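In structure tokens below, several structures.
Below are two complexes that have subunit A in common, paired first with subunit B and then with subunit C.
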Partner chain A sequence: MKICVCVKPVPDTAVSIKLSGVAGFEDSEMKLVPNPYDEYGLEEAVSLVEKQGGEVVAVTVGKASAEATLRGVLAMGAARAILVKTDAQFLDSELTAKALKAVMEQDGLPDMIFTGKGSVDTESFQTQYRLAKSLGLPIVNEVSKLTLDNGKAVAERETGGGEKQVIEMGLPCVIGATKGLNEPRYPKFPDIMKAKKKEIRQMDLSIFGIDPSKGRVRVEKLEIVPERSGAKMLSGSVDEQVTELVRVLKEDEKVL
Partner chain B sequence: MDNYIILKSLVMSIALIAAFGYFFKKVKRLHSVMMSVDGSSNLAPDRLGERIKVLFIDVLGQSNVRRKPAAGLAHTLIFFGFLAIQPHSLELMIKGVIPFFEAGNFLPGLYAVYLYAADISGFFVLIGFAYALYRRLVIRPSYLTLGRDANLIILFTSVIVLSFHFINAFQMAMPAQTGHFNYISVFPVSGVFARVFGIDTLSSTNLMIGYEIFYYIHIGTILGFLIYIPGSKHLHLLAAAPNVFFKRLDIEKAIMKTDIEDESKETFGLGKISDFSRRNVLNLYACTECGRCEELCPASGTGKPLSPKKIIHDFKQDLLDQSGMLLDNHKNEILPLMREESKLTDDVLWACTTCRSCENVCPVSNEHLDFIFEMRKHQVLMEAKFPPEMQETFNNMENQANPWGFASDTRADWCKGMDVPLMAEKLQTDVLWFVGCAGSFDDRGKKISQATARILKKAGVDFAILGPEENCNGDMARRAGNEYLAQMMIRQNVETFAQYKFKTILTGCPHCYNVIKNEYPDFGAAYDVVHTADYFDRLIKEGRLTVNALNSGIMTFHDSCYLGRWNNIYDAPRRLLKKSVSGQMVEMDRSGSKGFCCGAGGARMFMEETLGKRMNNERAIQVVESGAQTVVSACPFCAVMLHDGIMETGKEIRVKDIAEIMDEATN
Partner chain C sequence: MAGTGILIEIENNMVKEASLGVMTAAKGQEKYALVLGQEASSVKEKLGEYGAAHILHITAPGNLSANPDLQALAVADAVKEYQLDTLLGTASAMGKDMFARIAAILEEPLVSDCVAVNIKDRTVKKSHFSGKTFATLKINCSCLLCTLRPNSTEPEPSPTACDIIEFEARVADPGLIKIVETRKAGGARLDLTEAPIVITGGRAIKSAENYKMLEACAQKIGAAVGASRAAVDAGYAPHSMQVGQTGKTVSPKLYIACGVSGAVQHFAGMKTSKVIVAINEDKDAPIFSKCDYGIIGDIFKIIPALTEKL
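Showing the complex of A and B:
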């Protein structure tokens, strides 16, 4: 069984972003981590292959610096990685999906594709749908439980309010992973060492005839979210506190 | 009669050869086991002169066992008394084989003195045993293994000593023969035995019979004991002295640096008995399960399943159980130390705060933590098995160079507006202040750092911090077994240090202090490292800081493990407090080298404490019992833990770092 896991290198959510230019941010010194939701997909793929045999291939569209991020992905159990290089800081979901499709076709189509439910940086939540659509495959996103049974995948997703959808589909398919699917492993040291020698095949985005500037979604401007002002403690009796709260919401915060 | 003597000589020859043969075979096997293990130790048997001195002080002087006065005195009596009667027993053995042998014929004067001294010593052994029995049967301390093994040993040795006295009693009652040694006045204690038991009234035939009976009891028990020793915890009779001889001579020590880049190595850390170092094995042989480690262990004391004594016992058991495969060089077949049925569980391994109470108190100088560190190393590097909450901590350290995962570029935010210089701007200073993660990111730690910054400015110290260039010091990752991550942190800091010129590294955190001072040298970074408690004292001495004798009420000082037991700094903070504030100092019962851990060390700060009582709550109760109004610590982690513990008690007790006190107490 061949499984492709799409991994996006993203800034650690803890990191403080510094803007560069109007629509970019400083990333030359920044250490990018695998998108956390993609890690659930990766873990699921690796444990499936550990049980059933096969190969996990990590596929990334990103800057050349993504190689460092991919080493970590290889340490977690991917057999090899493919990096489609682009200098663009933001590649829109449509072009990313196109690139992923092209590289998977070139490498040989997999039996399953894992992505995260979305990426924590741009949060467009589109790439996996566009990829599935272009490959003509079924997709279930936000999967928190997955079982494979006789060439079929049964995916569970929470739809809110404690309700679950259970969806059965044929393979190949695309699974958008989310928290709850598994606990991504911490790599063993020998695996970290082995990962240093694993193959990362690199190619330019341009060989697939994709022009990053031709995306239909463009980042016009980036702004830093202003720091939230401090919390207010209300005092007095419950009645007084409620009255004050309503006043604050109405007059100060103007949300009512 | 002649026939009897020939028969006795024959029986004794066979018995002695058999018993000593068995004994040496057993000991040789134990030695082979020790020599067959693969693990390395960072302990070199250097400084011979000091080691010989150690033998005199620790072994002959019995100084370590006497840190527990009553039990220690009993041990000293037994130790010397038992040694003293051995030449006599040897003489009896030779006599048994060669009937006409008489030691008294050689140097009668010296022989008489010896017998006199041995006779008294034997009596002291009995006093020692009386106390040992009282302790085992009446006091019954919970940390003591009250097993059959110990009782058998007491029985064996009591029989040996009692029969020694009876033999002497019979001997002295026999009529003196001209030309032979006269025993009549050399047995002050056995003489009493002779009178009390009426031995001096027996006929010469009965005396002969009595003598022979006790002779066989005496020698038989000694030989039985000899056979018993190598397989029992009383192997310590043989292993304790060499173990102490090879002990670590300095208090300061480093976790062994593992060459993780060595590609020829198939495994790292301690996973199975063949990974032990020889020093480890000697430690196992030397333990006699006295339980002093368990008595002081904060994990044992708060109901965790960890006991340093049991770890050592279980390791020894596993080593002996699987020693066949080790000796046959079938090392691949050896089962891991942590396996389904083993007593060493995750809960045991990860309960340790690495406070080092066990090592500090061990009378045979065992190093329990060496086992724990190497096992954790193995579990993390080879098995990726550790408390799940540590995964995020490891990732945070890897990505943001601090355990909480705050953005690494906000590391200097704690001193915004305080005009604290950065090393990157100054390039050269007297003092590089390594603020540390707690001091940079934790709310409590930040206040301590701000106080320290104010003090340094008051004293006009030429200093700078690294700010965003600073990485976690690696202590936490290392003590949690993540040697790979720890070395990553350490190397980055070492590279950063090398870019700048400074004379001293100052730290307010004992963990930073310990790892930079004692472990960075293994990575090529040897600097003068000083903790704030010492440094402030120095500033006052140099007249750069003036104290205002602020009255801070009744104070107690909580020793941080990594300042105290790891680096022997107990007096400096107390001295500093005494000269700076006018409050009254009280000591907790568990203070100084017996200080009780706050519960944060060994990366426990970032693990859940779900078993037993919380260590910091236990410490807080001890603070309350001291009657102090303020508890002073010299570690940001201790401050956090103590604060939470004191809150639980509901008492109004201030928790202050020594820097905060000094900030208030200086002009």
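Showing the complex of A and C:
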């Protein structure tokens, strides 16, 4: 079984963002990590292949610096990786999906595709749907449980308010992974050493005839959301504190 | 002028509050309220009150509710038939899934989870980098597809005469996926992402049992109860209650964090709340430098006292 896992390199969520120009951020010194949700997809793919045999191929569309991120992905168990390079800081989801489709067709279509439920940088929740549609494959997103049975996949997803849907589909299919699906492994030292020798095939986005400037969603402005500061601390006895809290929430803030 | 479609979410025969907020965000447009499947007459009054000129009641051959692909195809067909140049919805679990399917069918750009939309200029504002930045995006499209974060626009009535248009979509199930089971959560739980008020218990809550204390408080003010990842990992709460980067993103008008330290990953899921209140016994807890109101104290004393006062 061949499984492709789409991995997006993103800034670590613990790192603060510094702006560069009106619509970009400083990323020349930044260490990019695999999008955390993609790691759930990767772990699921790797453990499936460990059980049933086959190959996990990580596929990334990103800057040349993503090579370092992909080494980490290879240490987590992918057999090899493909990096489609672009200098664009924000590549439109439509174009990303197009590139992913093209590269998978070139490499040989997989039996399954994993992505994360969304990426923590642009939070746009759609690339996997566009990829699935263009390949004519079923897609279920935000999957927290998955079983394969007789050429069928059964996925569980939460739909709000704690309600769950169980969805059945044939293979190949696209699965958008989320927390709950598994616990991504920490690579051990030998895995990290082995990953250094694994193949990362690289190519330019332009070979697929995709021009980043043709994206239909353009970032016009990026601005830092100011942190709150100067919290009002409520003092006094427990009774005084809660009385004052109820008063400010009702009278000053009008949220109660 | 081309019309603006709003995909309405209905629960227990009532239009969800978040959908009314989306109606309000489309102020000044000729609004088509898209109602899928179920009966449209029971929601006509409400939708008219919030400015729908038309209710587009969409049906299709086959069971619409059992198949998200079929639903998306039906909506896409309606968008084309009525030449809607904008389609807005709620960034709920259902809304995000549906809009991504619709966007792939229509081959139009989509922006998910926006906090503001300017229909005329084709610009939207949304969070990037887990709430650390806001991005203003310009969309080049024939139909603007956009989901809005619940509670980002306060619903405001603007009564309009409203008619019901019956539309039977010309679609067939592509047969790719099938919902085989839907499991309801125990009781009628308020959806975290859509709740106007959220009360969250962190690791300090110490047991699953102790969430009852927060639920009692929540019940008095129509709030939903959330949890931090530390509390979920400790087994005190299910993952469906987790707020934060690897959980739900919420943006209520009031967020009360009880025994939560204030990690960036937690803030990623609640930073755009209007008012943030923190209750923590540690005066140096990082959350006190990022909230609007703080109480230094033991949650097991403060919360019962607060519940009493509400």
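In the analysis below, the second predicted complex is superposed on the first by the 229 of 256 C-alpha atoms of A that agree within 3 Å, B and C clash if a C-alpha of one lies under 4 Å from a C-alpha of the other, contacts with A are read in each partner's own complex, and residues count from 1 in each chain.
Keep this in mind: a residue touches a chain if its C-beta (ideal position, glycine included) is under 8 Å from a C-beta of that chain, and two chains touch if they have at least 3 such contacts.
These numbers were taken from a predicted model, which means no experiment stands behind them.
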Evaluate whether subunit B and subunit C can sit on subunit A together after superposition, giving fit or clash. fit
One more residue to check, A:Ser16. First (subunit B), second (subunit C), both or neither? both
In the overlay, answer first, second, both or neither for which of subunit B and subunit C A:Lys164 touches. second
Classify the contacts of A:Glu26 with the two partner chains as first (subunit B alone), second (subunit C alone), both, or neither. neither
One more residue to check, A:Glu183. First (subunit B), second (subunit C), both or neither? first
Is A:Asp121 contacted by the first partner subunit B, the second partner subunit C, both or neither? second
Rounded in steps of 10, the angle in degrees at the Cα centre of subunit A between subunit B and subunit C is 110
Go through the superposed model and pick first if A:Val238 touches only subunit B, second if only subunit C, both, or neither. second
Quick check on the superposed pair: does A:Asp87 touch subunit B, subunit C, both, or neither? Answer first, second, both or neither. neither
Tell me which partner A:Asp211 touches in the superposition: subunit B (first), subunit C (second), both or neither. neither
Identify which of subunit B and subunit C touches the larger number of residues of subunit A. C
Once the structures are superposed on A, label A:Glu220 by its partner contacts, choosing first (subunit B), second (subunit C), both or neither. second
Could you tell me how near the closest CA atoms of subunit B and subunit C get once both structures are overlaid on the shared chain, in Å? 6
Both partners, subunit B and subunit C, contact subunit A at residues 14, 16
Residues of subunit C touching subunit A in their complex? 92-94, 96-97, 99-101, 103-105, 107, 109-113, 123, 126-141, 176-186, 189-194, 197, 221, 238-242, 245-247, 253-254, 264-265, 268, 271-272, 274-278, 288-297, 301-302, 305-306, 308-310
Given the complex, residues on subunit A that touch subunit C span 11, 13-14, 16-17, 19, 23, 25, 36-37, 92-94, 118, 120-126, 128-130, 132-134, 137-142, 144, 154, 157-170, 178-180, 216-225, 227-229, 231-234, 238-239, 241-243, 245-246, 248-249, 253, 255-256
Going by the contact rule at the top, pick out the subunit B residues touching subunit A in the complex. 260, 263, 268, 380-384, 386, 388, 391, 394, 396, 399-400, 405-410, 483-484
Touching residues of subunit A toward subunit B in the complex: what are they? 12, 14-16, 31, 33, 183, 185-190, 192-193
